[in-house]
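Same chain, two partners: chain A is paired with chain B first, then with chain C.
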Partner chain A sequence: MRDFFVLLCAEWKKLQKGLILSLLLIGPILSTLVGLTSLSMDIPADMPKWIFVYQMTMNNYAWLFYPIMTGVFAALICRNEHTQGAWKLLFTWPISRSSVWLSKATILMILTALSQLLFLGMYYLLAITQGFAENIEATVVWRSAFSGWIAVLPVVALQLWVSHLWKSFGVPLVINILLSIPNIFTAQSEQFSPWYPWSQPYSAMIPEPTESGILSIEPMTLWVVIFGGFLLAFGGGWLHTTRRDWT
Partner chain B sequence: MILRLLGAERLKMKRTWIIALLILGPIGIMGCMMINFGLRGDYFVRKYPDDLTSLVMESRMLLYLAIPLAGTLFASLLAGMEHQGSTWKYLFTLPVSRFQIYLGKAIPLFLLMTICAGLTVPALGFLWVWADLSGTIPWEMIIKSVLYPTLASLPVLALQLYFSIQWDNQAWPLTIGIAGILIAGGISKWLPWAYIRNVMPLDIGGDNDPHFWLPFAICQGVILLLIGATIIMRREVR
Partner chain C sequence: MTKTVVQTTQLTRRYGKTTVVQNVNLNIKQGEIYGFLGPNGAGKTTTIRMLLGLIRPSEGEIQLFGKDLHKERKSILKRVGSLVESPSYYGHLTGKENLEVARRILGVPSKRVDEVLEMVRLTQAAHKKVKQYSLGMKQRLGIATALLGKPELLILDEPTNGLDPSGIQEMREFIKELPREHGMSVLVSSHLLSEIEQMATQVGIIRNGKMIFQGSITSLQEQSRPRMRFGVGDANVAAQLLASEGLSVSVEEDGIWTESLSQQETAHIVEHLVTHRFSVYRVEEVKQSLEEIFLGLTEEGETP
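Entry: the complex of A and B
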């Protein structure tokens, strides 16, 4: 356990903060700009303004950008080790390979959570400058962001696995983008969207003005697709990392 | 000389993910469209006036994201190959001008996109038969609706090639490309990522006008390619 915390600190130090922060900010800033342009559209009469703008901002962000960026961050945190052949070095230390895997996974989860926080932050900024901040129901938007984060975890685990596997930065991204593209259709389809892991962040982030629960995800999807998918990818990656020969 | 450079590029591409993407891309597009038509085919009959419109409109959704994303990935993979082995220096010491080396990356990128488009055309033709759409396969329309967005993505290709060569950390070019395609395309019609959305060979209203956007995009693509080449030619190589 101590290994894990030491490694976590090391991973945190290895992150290039400026780079990470600017990469994290691009998406939220651009989607907020889309939200800003949506203010000039006709807002449906039965919809409060804040929820309409949230929906427009969230659409562009969660539909494809968030799952794809998860892949970029996964590749980014494995990049140092790949380019400098540091995997071998890392594994000669008296630390378990499991803690290496766990620390990488934790960092990636932190980064995806930060992305959600920055997204919410930018949305609030937009709301304050446009003067509808006091109408926002905080529970709805926070639940949406939190559900989105939970829903992206299977993608986190799978991307970490494939990023461990390939030296090239582009290859994990090719896999991620190929698997994310079907979102264009599955996100709208009632038969497919509960079952396709890459469309979960979008489905989860659709704001639902209900009081029930801290997650806006169907229990079936949550346990089978998200939890099951996460366990499968996380366990597979873990076993593979600890057992494979590193070149 | 340029032919030999291209030969070398072809050799480097052998058995890499570039080839996999080349084949998986069109297959993926066909698969998505088959699922889409399988699930919502009855709805399209009501939504669109005829089968041709439904094919073009539905594939449009996919193509205007898939084409620039494929271009971004190809550019990153082509340049990443050299970054990963730190071989830019060796390349630039060859008795070939830097401009030709830049072209030696730009031409394969364009060819890969053309091959991808070329494979997508029969894939959509197959979809027409599979989905049991009425009449003979409208090859001309299918070719246009794949070729126009591919040509309109030239500015994006030129930009991405430059970014991918400029930065050795591929996180930058990929993030800019992805954000541009997924989000910035919707912000303004003048951004390079937005042209692809406005070149459909059907009269669908809005800003859609291939007669204006297609030449505009091609010219801008060539200009951006030359600018990128000039910057890289003057750059110090690490």
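Entry: the complex of A and C
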């Protein structure tokens, strides 16, 4: 346990904060601009304005920026180790190999959570400046953001594993972008989208005005695809990191 | 009795079908500077990686401080500092920040950071980003990181690689002081005999993954059997005569050479030559230099 917390602090110290922050802001800012332009569209009569704008803001963020940035961060937090040969530094210190994997996974989860918070923050900022903030049902948008975070966890684990595997910065990134692109098609497809990990953040973040618990995810999808997928990728990455040769 | 710090038993590592390290029995005693010597590709780095638990042996055992590395990895690594191949660092952090990250992980007091910076003379550059460091400075930072936890065993893999002559000299002096001033044992690898010769007390020579010599520098010198040179007139004919007697001889420009001989054998040859009316004007024993011994050992039967 001590190893884990000490490593977590070390990982935090190693983060290139300026770079990370600017990357974190890109998605939410661009998405909010889309949300802003949507204000001049015809809003469907049966839809409250705040939901419509949220939906428009969330659209591009959830299927495009969010999963891709997850991959970028995964590659970034392994980049130092790859380029400066610092894996061997990490693994010759008297710490367990598992805690190395766990601390990196935790940092990535924190970053994806931060991304959700910034996204919500930008949406609220838009709402305040456009004067519809008081109409927002907080539970709906917070549930959407939280569900999106849970839904991205399999991608987190898989991308982290891929980033451990490849020395190059580009490979995990390209893999991630290629896997994000089918989202355009699967998000519309009823049969495929519940099973495709990269489309989970989008499905999970669709705002649901009904009282549907803390998560707006189908139980089947939640347990099989998200939970199962996360366990597989997290366990696989962990086993691989702790067993393999580090040179 | 001096304690054994490193002991490997039949240590073997294969990559696919090629055996890169084969049945190596490394033995390093406390307070020694052990020079691990071998040409490039001999298996030094692979052995060192196994000692540090970075890669797993295919066969054999590793004991550090008398404990099994596989079973007590963490408590063993607490007592070991290392620098494997090129130094590892975080380029976007300063030298001091790099050490600070390591310090927290190792759990040593923060004043130790300044101590090791002082030891490797990086105090001036402590607040510069490491990516702006010269190679020599990065190497010294690597050493500082290795020293941070006050290790009992320091493992340095080719620490002078890429340094300029004065940097090499400095590194050598630095390493030589460690056992005396800090009671450390040191394992230092190199592909250059001259370097090991100047700092090591013990040597292990590895070639094609096999340990071909292990012992003190003086016993390495004794390894070489001196050769005999006979200065003889009409050397070619004289050599034929000796060869017909069943002696293995070779003719070189400066005379006839044989393997080392006992006193009787020498006397016998001289007598033989003289009775056959060859003029013998010089008989001498020629010792090989360490360099020649090393080359002899490492080139002998180049095909494994």
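Here, the second predicted complex is superposed on the first by the 247 of 247 C-alpha atoms of A that agree within 3 Å, B and C clash if a C-alpha of one lies under 4 Å from a C-alpha of the other, contacts with A are read in each partner's own complex, and residues count from 1 in each chain.
Please note the rule applied: a contact is a pair of C-beta atoms (placed from the backbone, for glycine too) under 8 Å apart; a residue touches a chain by one contact, two chains touch by 3 or more.
Note that the structure is predicted; figures quoted are calculated from it, not measured.
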Which superposed partner A:L7 touches (first chain B, second chain C, both, neither): second
Partner chain(s) touched by A:L232 [first = chain B, second = chain C, both, neither]: neither
Which superposed partner A:L39 touches (first chain B, second chain C, both, neither): neither
Partner chain in contact with A:I68 - chain B first, chain C second, else both or neither: first
Which of chain B and chain C A:T92 touches, first, second, both or neither: second
When both partners are placed on the shared chain, which of chain B and chain C touches more of chain A: B
Touched partner set for A:L114, first chain B, second chain C, both or neither: neither
Common interface positions of chain A, toward chain B and toward chain C: 83
Chain B - residues contacting chain A, complex: 17, 20-21, 24-25, 28, 31-32, 35-36, 39-40, 61-62, 65-66, 69, 73, 76-77, 80-81, 84, 169-172, 174-176, 178-179, 182-184, 186-187
In the complex, chain A residues that touch chain C: 6-7, 9-10, 13-14, 16, 80, 83-89, 91-96, 245-247
Residues of chain A that touch chain B when the two form their complex: 19, 23, 26-27, 30-31, 33-34, 37, 60-61, 63-65, 68-69, 72, 75-76, 79, 83, 167-171, 173-174, 177-178, 181-182, 184-186, 189, 191-192
Residue ranges of chain C touching chain A (in the complex, touch as defined): 49, 52-56, 73-78, 80, 82, 84-93, 97, 100-102, 104-107, 145, 149
